[in-house]
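Take a look at the following structure, please.
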């Protein structure tokens, strides 16, 4: 509950965050940075949950709980992704997204 | 909260037990006995499957986060059977490729935990449980897709899957947050009461739908499918195409029919469009595939499009037909993948061209394949026909005659490419056909079960009636 | 086990027996015995039918009704009337003849006969079923083996032909599926339960709008396999590439499913739709009649000639069905039968000629009457039969059709009739052209002088088909009355 | 009167046919010949007995010949319409029975000599019996459909017999032509039957022909394009008749039909089958007469007259003797049609009808005789052409005499049969229409001329060198000649008008001396002219031919009718209709179907780029999908 800042600003921020993430995902050349963009997307929804919980339904904590779980899962997800990326790097010495287009059409 | 009410989670618990047991066994198992882990796992899971058939009372736990009823329980059994067949079919592959690299146990652990995730997903009572189940079912599969660490394609498949699925879950989370914003609760029970058809909820529903559509691989959320299927080990590909798709369909159906019922006028049109797109795109891409795995990938996309015809009805009839179709689809697709796996394991060949003249060298395999393909194409008297016919009936019952017409046009297109494979196996003669080989016992059992399923499921009507009764649970 | 279900079970048992056979010798013996039993059962059924008719005046006799899918009210409902009995007889005879004709099928004999019998199961089932769903199931069962039969054992561009045939027919059946669902969901307009049962649906009167919508779908869905112009193009290629026995079965029996389905479903359940649309489809059918005949004139491949003549003859069947009166319908059924026998006979003979001379090009053949007199003589007879000479079945059928069609009170229909009647001249032209070039005249090729004489199994096959042609032609009364009697209840919807 | 044995008349030949047809290979030729002859002999005896019974014992009841019908239902069309099979006994059918039997029997006997040593001897007799059976069935028919059925059967047996020498291209072509042309005519017949059936509700001759019957009384009830539909029906039926009886312009098949063995020509294309058309009109005569005041009947008359003239002119210039006879047949048939066309109904009015039937009878005798004579000549010199003949009279006296008798008969010289019948016809025509009368007389002259032209050409004229000396034919061939010659002499004295008349009552016919005199004189003139031109070799004929120049050319080319028909069939039907249709089917109709398939495959090829393999493109598509769905279903489509 930040005084002077209404829910709308915050939600706008999260939306922007979300689309930044999407943009990053689509445009980055490097797998790692794509992964980071994914994190942005997830975090956008995390903030969403918290904000909505705080501003609209302050008497329950569902949103907050949810956000915690999201963070945890996101961590696991990242770990897994990174491990696969590393494995990939072992084989092709590159984490460029353009190098993983062997299967197409 | 006493212990016997905990038995509502019986299947989850026993599966968890199996996972732990395997881990323990891994520790105490002698180096040279590693391969027996496969037998152990299959045995345990077989027992688990059988136990699963014991009746289970309808109930819910944790304030409704976890619930179960006849249909859910039935569907878990369907998943069990699918996984069991899958294990049987991939046993040989595991013995030869995986156990030798000393990664057998992990394989089972990952696979089973993914299955566990699905259990939770389909019997989830709120969005949190649903989300956890979703992720738990996805992440291990991503690991498994990249399991052949030496194989570049495999890693590629893994990374594609993990990234896309992360995006998908991100999007659907964003949607869930919107639903949460409007309803103020993440419990399905409350959401049903509170939700109304505002623009925000519609938007949330659509974003949320996109997340699941990704798992079912509906157009335009399907692009990962073909690449991942091609790169991943065959057993994982078939796992993705059958088990995870089935589970996702099921939960999507339940959410649409119960939680998002108030938004029906939004999602029915949306599903109409998506269904048409999915059927056409899937078929058109499948037409020109040469790699059997990619071929089956696109065919499974098209099948997903047909499934939507059942969803669009939004009635008990629709629900029953969808479950029925998924059940049949599990058997048909597993049979097809099983044959592909057997051949690929023996000869490493995966192209349709390599299948030419197969009938004259391996008649039984080709017959299994033909039955599977006919079932997928929907040719009587094999099961697939009944599944499709009832889906169409469900759609027509709500007056979607034109959609049904488009669907049957697609059936004809799909028949074309299924017949291409039949043509390769039966009509063509090849100078270098795949030589005759005998399958190991596990593979044979796996294939026989699927064949029996394909032949019986359609003709044996009480099964459908049973499903219809069960699906009454959600439509009270 | 009731008398009709046997028609499904016996072939199934035959197939099971076939699975355990080894080599051509056993396979053909087993399938011959199987189809012999089937034929015996059919003949028995004919007599049983007459006996039953005397005491039982229902539309369908020997009915049996087992609930299958309760939720959809799908039943395994079977029963026969004179029409189905007649067509069953046709099927049994042609199948047996087909087995005889493919006596020397050396490549994958077991599979060949199995697919042949599977096809026949579909046909038998289609003719006896009273439930739209089961009917549809059997319809597709009958169609799909064609792919393998043509694709594996065919000649020429077999893969193309097989694919084309299968896709067009399955496409048609897909359209049909929509129509069936449409009928199903309008089968409760009088408040009863939804049903697939033909007799039940016939009782309720489906709203005119619905009939108008679904009649074309139903009609086309069935008529494509009845070679309705312009959806007939699968038939020439299919026939040309198919092995002999398959051409026989396909042209002789499978194409009859179209006419029968149109009659049983489209006409019977959607009579007002039929009224509304008949003018349009009658034009297509009439075009088919003339057009097929004229195309046949220019062909040089025997099988193509016969295929196009089938288009013409079956066009006549649809034409008659659309005339919506008893005489014409009677003619349509008779034409189905007679064309079935005749065209099967034709394909059998063409097969024999091809086996001996290794060509189907009329321009290469000549003077066969001198070298293989038996086959040639039969060919002449078949030709005369198919140009509608009295004393053969064709005449009986065509006269019924023309008289019936001319009974129509609308001038337009009578003029169309006169136009289609003129096909009999064109038919004479292309038949006599072939007879003249191929059988008569001097022997073109010295190699022909040493052609092997006709064998006993070929003769058996020929006689099997020839006897009914002559029988129907000389004494048509019993069969035509049997059909007429069964037509009475069907006329009700038709004003 | 008991009709049981009449049933045997057609059935015996049928049995013979089946016998010879099925055991074709196993029966010895000699035997099969005897079987055939014996069968016909029995039929003939029965026919004569039937004729005696009918005309002299049971037939007449208080002055009117009764009609006896025995029939059974053969097939039901509807509750009212059905095809019956049965036998229909009235004067003309009995008369036809006798004609068919005698000629057929003679031809059978004759063939035993003529066809000796031909492989397919048995087949030949089988076909002859088949034909006899069909012909009997035709004359005994009780209704339109039965007559149509046997009509087709005689057509096919004619096809088989014309194409008997099936290794000869020309024979095959001729057979095909004959069948298809008549088939085309039968199309008219069939449609006519359909019309009759639809508007009168019956096919029965008895009901149709009943002057008090519904058909005749209410003919005016429905009309189409200004004429009564029944008139249309009758005209169409007449087209059928014209086809069989080779009336102009459907005559083109008859000359070619001469490709068949000569006995066949004698039996089918001179005496019996070709008169079926005449018989058909006679059979329906009351309808023709009463409906629309005989409008259709006039057409018959004029067509007949024209054909008679047309054929007679052509006959003059032909050099193939069989073709001459063929055209003469056509001309005589024209006579019969003409006579029918001008006839009235009751009493002496019906003279034409009687005359026509009378002429049918006598013509059968002497034309058969002519053909058989020609046959025996051809048998002797192995050629059909006049140029290969001449001066044969001393080699083959019997043939010579009999041929002369026949020639005199056809030229209408008393007291031979032709004289009486032809005279009756001319009288009838004279009473009806003078113009037609003159045509008739002129034709009579022409007939005499061309007939004696060939007679002199064959038996007199200069002798051509024969590589081996021609000799008289064996008794099996000469006996029929003699018998028929006898008939041609005595046939004329039968008091036909007592037996065969339109109203079946019979009347007193008497020679009309002035008209008879005219006819005879004209005939004699013709003979004399022929004598002048062809008796001794002289270039008169050639000079005359040159004098007429192109006209002569035309006639000898039969006014190019074959060419016209050839043009229509080959150029128009084959090239302009059938070929385009076949092309259209392969390229347009089939093309469309293939196009659908191919375009599907092409599309799938085109869109493959969507699956680019770039995970980011996938993500883009994913988001794009979401956004589009959102826009459409949240903002646009949200109601």
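Residue numbering begins at 1 within each chain, and the chains themselves are lettered A, B, C and D in the order written.
By our rule, a contact is a pair of C-beta atoms (placed from the backbone, for glycine too) under 8 Å apart; a residue touches a chain by one contact, two chains touch by 3 or more.
Model, not experiment: these values are computed from the prediction.
Visitor: Which one of the chains is closest to the middle, using the mean of its C-alpha atoms?
Guide: That would be chain C.
Visitor: Quick check: more C-beta contact pairs in B-C or C-D?
Guide: Of B-C and C-D, more C-beta pairs in contact link C-D.
Visitor: Just curious, how far off is chain C from chain B if you go by their C-alpha centres, in Å?
Guide: Roughly 43 Å separates the two chain centres.
Visitor: Could you give the separation in Å between the centres of chain A and chain C, each centre being the mean of its C-alpha atoms?
Guide: 65
Visitor: When the centre of a chain is set as the mean of its C-alpha atoms, what distance in Å lies between chain C and chain D?
Guide: Distance between chain centres: 37 Å.
Visitor: At what distance in angstrom does the C-alpha mean of chain D lie from that of chain B?
Guide: 78
Visitor: Can you list every residue of chain C that touches 2 or more other chains, as numbers and ranges?
Guide: 167
Visitor: Indicate the residues of chain D shared as contacts by at least two other chains.
Guide: Each of 597, 608, 611, 613, 615, 619, 623 in chain D touches at least two other chains.
Visitor: Give me the residue numbers in chain A that touch at least two other chains, ranges are fine.
Guide: In chain A, 22, 25, 34, 100, 102-104 touch at least two other chains.
Visitor: Of all possible chain pairs, which ones touch?
Guide: Result for touching pairs of chains: A-B, A-D, B-C, B-D, C-D.
Visitor: If you look only at chain D, which of its residues touch chain B in the complex?
Guide: 597, 600-601, 603-605, 607-608, 610-611, 613, 615, 617-619, 621-626, 629-630, 632-635, 637-639
Visitor: Once bound in the complex, which stretches of chain C touch chain B?
Guide: Per the stated touch rule, the residues are 68-72, 74, 133, 137-138, 140-141, 144, 147-148, 151-152, 158-159, 162-163, 166-167, 170-171, 174-175, 177-178, 181-182, 184-185.
Visitor: Which residues of chain A touch chain D in their complex?
Guide: So the residues of chain A touching chain D come out as 22, 25-28, 34, 97-98, 100-105.
Visitor: Can you list the residues on chain A that touch chain B in the complex?
Guide: Listed in rising order, the residues of chain A that touch chain B are 18, 21-22, 25, 31, 34-35, 38, 41-42, 44-45, 48-49, 52, 56-57, 60, 62-63, 65-66, 69-70, 73, 76-77, 80-81, 83-85, 87-88, 91-92, 100, 102-104.
Visitor: List the residues on chain B that touch chain D in their complex, please.
Guide: Residues in contact with chain D: 159-160, 163-164, 167-168, 171, 199, 202-203, 206-207, 209-210, 214, 219-221, 223-224, 226-227, 265-267, 269-270, 273-274, 281, 284-285, 287-288, 413, 416.
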